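I've put the structures underneath this note.
Below are two complexes that have chain A in common, paired first with chain B and then with chain C.
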Partner chain A sequence: MKKHYSINRILVYVFLASMFIVSVFPFYWMVAGMTNTAVEVIKGKMTFGNQTLSNITTLFTTYNMVRILLNSLKITVFTVLGTLIVSSMAAYGFQTYASPAREKAYSIIILFMMVPFIALMIPLFRLIVKMHLLNTHIGLVLTSISSVFIIFFFRQSFKAFPYEIIQAARVDGAGEFRIFFSIFIPSMKSTYAAAAIYSFMSSWNAYLWPLIILQTDKQKTVTLMISSMSSAYFPEYGVIMTAIVIATLPIIIVFFGFQKYFVQGMLGSSLKQ
Partner chain B sequence: MLKRKFIILVVVCLFLIASSITYAESAEKSGTITIWSWDPNFNIPIMKEAAERYTKDNPKVTFEIVDLAKADVEQKLHINLASGVTGGLPDIALIEDYNAQKYLQSYPGSFADLTNKIKYSDFANYKASLMTLEGKVYGVPFDSGVSGLFYRTDYIEKAGYKSEDLNNITWDKFIEIGKTVKEKTGKSMIGFDLNDGGIMRIMMQSAGKWYFDDKGNVNLLNNDALKEAVKIYKAFADSGIIKQTNGWSEWVAAFNNGDVATVVTGVWIIGSVKADKASAGKWKVAATPRLNIDGAVNASNLGGSSWYVLENSKNRDLAIDFLNKIYAGDIDFYQKILTDRGAVGTYIPAQSSAVYSSEDAFFSGQKVYTDFSGWIKAIPAINYGVYTYEADAAIFSVMPEVYSGKISIEDALKKAEEQLKNQIKK
Partner chain C sequence: MMGENTSGSFIKSKNRHGWLFVSLALILLGVFLFYPIVYSLYLSTTSSRGIVQKFVGFSNYARLFQDSMFILALKNTLIFFLIQVPIMLFLALILATILNDKTIKFRGFFRTAFFLPAVTSLIAYTILFKMMFSLDGFINGVLLNVHIIKSPIPWLLDPFWAKVTLIIALTWRWTGYNMIFYLSALQNISEEIYEAAKIDGADKVKQFFYITIPLLKPLILFTAIMSTIGTLQLFDEPMNLSQGGVTSATIGPGNSLLTLSVYVYNLCFKYMPNFGYAATVSYAIVLIVALLSIIQFKVMGDKK
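Entry: the complex of A and B
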């Protein structure tokens, strides 16, 4: 019996180890690529080299890396804040003031999850041009803060929030905004953290829409820069890998920093019921 | 009464301001030229060099050179042109030659007609013809994808051949040499992606043919050059002389690693060939192999792109003047970009300059650019039509069955032609 158990165990670990290698290897190669020259990367060198410094120097001298990183950061922070406030308020409204008409409106909004972005792109682009928001970060942020998925996600979690608390607060004389900001948000922290991670990742990695809206190198985001680097007769893979490592760092930091809340938030709605 | 006087005063003032502005403009050019382009190691620094040269004589002109990926430039152009708003468009955009007709035909009136503004006779013949639509020429020709046969002298000699043996050969001869090279050195003759249409396009253009005829009609089935090209692709797959690669990096790795004896592609690969410093002095370039059919020559092209001015841009005339002065007039500029970036332009007057005839130690002292310049003039001029990449995809969807011998080449081309016609509705 015991032997059987341990063989099973070994199989599980072998499987887990191979999955671990499959998922970690790209990251390893990315970091290794950062330390090699373009030719070495192309030749398939997998070990660490000594080109890190020259790759970083090339990256920061050829491209306006600091400015581009700040652009990405600015857009992402404002998008995340905007998304959290707007989407959670919408979800709060749908949940707290439920009525048959509002349910219908909610269903229609949810339906918009099915519409691919490509279909909206040209009308949205015309809108942005007419509003003179082309090549501005505000144009990008404004069009990104209402996320149907986040509204849906918030509403699902809000269902777990006891309505009685809201009623009690009303009896005590608290206004709706007071209830929302002083009672609701603090007790829904993990949901907000999960939504923040999701929204951070999608905004930081956003590619197509920033590409359409942003017009100059000054306004560019990191994703656009990396994309432009790889389109070349002779791509500088070492430098590209360096840029990718730098672009990945914030995501890793945010994800691991909030990981605890992320799992809580995702499970939250089902566990509390 | 007072009101009327005021209005007159305003009108006079406006007139004065307006006339002074026109006066300033005629005296000195000013404005910002926005340019969309790709390749941070090639087109972008080349454009910056051009801008610097222009601003020396026109200090009030500024440039906004936007560095995007090639696919991104195309995407942005499509969105902007399709949406019908012109506010977001640049003054100049770089467009790949294969796609030029797609833009010119899909968005008529969007690009500036440069027929009488640029002296096209100064440019390689094939280049001007691909940007011509209904008798009007759009765009300013830029870099050439003139092709060549890069080869490792050490491997070729070890196999018992001399450089002369590779001059002006046919693809059949190429395969024959490849077999000996494989036998004597153990090296593959060429790194080859069986799913990539690059060499097929080189083969077709060397015979003055394309996936489409002169009028833009699909021409796969009754296309001698294409039939021969497919035959050679199959021969490559069967003969065992190729090192199969998958995608760009593997293909570059094949010659950087010294695994293959030759590379057949556009001149723009020079940077990647030279990147492997260990093989310096072991490379040379011969003329592109030709197809074994009538009218085929030992010169062809792969890729290359050109500058286009947007018709509705604010600084259209300024942009045209800029391109005219630098890209269609500055020989020194072409020498500089060849030295700095290995960029071979299609501006003929520049090709008799000193830099073009310098010897290159990497290529055993061969005057490679003199040779490429000679081949540029021999590239057959053809109409790429609108759907080059769609045709490429149709052909390569049937190629696996050709390689496995499941269907004959005729049947395969028939199938591909039907598929392509279905897709583009022609």
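Entry: the complex of A and C
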């Protein structure tokens, strides 16, 4: 009986170990690829080479990586900030100042959470053209900061806030906006962190909408550049790997630095109900 | 909710502040979400070539049934949905069950490792997989070396294998993500239930099918619906797995990776733009998502 049990145990560990290799190997291969030439990458070379410097140089000179990175950074920072302010204010408004009319408005926007982006893409594109925002970062940011999901996420988390504190602040004569900005926000830091990470991920990694709206190389983001590099006639795989590593690094750092908030942000508030 | 004995002017100011707080979001959502969705519905009843646009009623919807490209895209998308989603969710359930066992060592370590693929951008992992699965690439190299295959598998050059590659890639990216959902729910199930089952003679496999799966049913339903929406919107992966990316003539060999969302994109930006018909296809996607979600609710959600 004891022996049978331990064989099962070993099988479970073998399974876990093989799943571990499958999950993590592509990350290793990505880093190894950064140090190799295009031919070596495509032939599946697994060891480290000495092409790192040359790959990085090519990336930053031929592909203008600095500008591309700054584009991505700028878009992401403004999108995250905008999303956090607009969405959390809305969630606070819906939650703290309950009224039948606003409740109705809330249920209507929640209904739209299920609609796939593709269904609004075409009119949105034409709207952006009409507003002369095509090929601008403002157009991209402006259309990305209204997230129903994040409003929903904030509201779910705000439900746990003790409203006596708001009442007490009112009695002390604090204005409504001051209560929100200097009492409420500081005490909801972890919720903001989770929402910021979710928003950061979706903005940094976005592909379809930026592909449509940003049309010149000058305006492109890291994600768009990686995609167009790999569809070149003779792709420079070592350089692509370098770009992928650089694009993935910020997310991995955020992940290991804020793992708790990260997972919470990715899963949203679905588990809290 | 609060302040029963407050004056009328305070209630009025509260109401004004309520609207002030929600107004920015409502304006943005109205312009960039509500208006496009409604306008898209109208567009789907028009036909346009360039700038000329005329009302055609439901004839776009009738055209769907005769459009062989639409039917191919629908077929491909449904194949990915029917094969990939169950494999992924089942694997995620098994991993979550194993990692929920407190006698397993290095649980936190494995959990982090399995979740790691979920932090990669869709483009980054797709291109990694495209390189790994090239004809003389890493995967074929390994398989040849350990003599599992005699000649290289044409992963991305054959319609069948291209689908297999996409399914493998999707499963790699999303299994750990779904596992985390199950894992956090499993932690709320009391161990006494499993203890009692053990005393009654149920082994781990029986416990999995008769306790874990029924108890996680609502969450399995939730992840299934999320995955349905995700699969119906598949765009980044098929586009970037095909040879020339956005500019390629076919999406995968013989259009084997052509999905509904890619087809909408092609109708708008690759062929001569017909926004009206493209909007029709995008509304077809909305309808299919709704239909599949209702079916899943009916099949799984009987007990709430």
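As a convention for this text, the second predicted complex is superposed on the first by the 240 of 273 C-alpha atoms of A that agree within 3 Å, B and C clash if a C-alpha of one lies under 4 Å from a C-alpha of the other, contacts with A are read in each partner's own complex, and residues count from 1 in each chain.
The rule we apply is simple: a residue touches a chain if its C-beta (ideal position, glycine included) is under 8 Å from a C-beta of that chain, and two chains touch if they have at least 3 such contacts.
Computed from a predicted structure; not experimentally measured.
In this overlay on chain A, chain B clashes with chain C. Looking at the shared chain after the overlay, A:134 reaches chain B, while chain C stays out of its contact range. By the document's definition of touching, of the two partners only chain C reaches A:117; chain B does not.
When the two complexes are overlaid on their common chain A, residue A:215 makes contact with chain B while staying clear of chain C. In the overlay built on the shared chain, the residue A:231 is in contact with chain B and with chain C. Look at A:62: by the touch rule set out above, it reaches chain B but stays clear of chain C. Applying the stated contact rule after C-alpha superposition, one finds that A:11 touches neither chain B nor chain C. Looking at the shared chain after the overlay, A:247 reaches chain C, while chain B stays out of its contact range. Within the superposed three-chain model, A:126 lies in touch with chain B and with chain C [touch as defined at top].
Touched residues of chain A, counted separately for chain B and chain C, are more numerous for C.
Clashing C-alpha atoms between chain C and chain B turn up only in stretch 146-154, chosen from 146-154, 164-172 or 182-190, once the structures are aligned on chain A. Shared contact residues on chain A (touching chain B in one structure, chain C in the other): 41-44, 121-122, 125-126, 208, 211-212, 227-228, 230-231, 237.
Interface residues of chain A facing chain B in the complex, by the touch rule stated above, are 38-39, 41-44, 62-63, 121-122, 125-126, 129-130, 134-135, 208, 211-212, 215-217, 224-225, 227-237. Every residue of chain C that touches chain A in the complex is listed here, in rising order: 1-3, 14-15, 17-22, 24-26, 28-29, 31-37, 39-40, 43, 95, 98, 104, 110, 112-125, 127-132, 134, 136-142, 172, 176-177, 180-181, 184-185, 204, 222, 229, 232-233, 235-236, 239-240, 243-248, 260-261, 264-265, 268-269, 275, 278-279, 282-283, 285-286, 289-290, 293. On the chain A side of its complex with chain C, the touching residues are 8, 12, 15-16, 19-20, 22-24, 26-27, 29-30, 33, 41-44, 46, 86-87, 89-90, 92-94, 96-99, 102, 105, 109, 112, 114-127, 142-143, 145-146, 148, 151, 163, 167, 176, 180, 201, 204-205, 207-208, 211-212, 223, 226-228, 230-231, 237, 240-241, 244, 247-248, 251-252, 255, 259, 262-263, 266-267, 270-271. Considering their complex, residues 34, 38-42, 64-72, 75-76, 79-80, 82-85, 87-88, 90, 249, 252-253, 256-257, 268-269, 271-272, 275-276 of chain B touch chain A.
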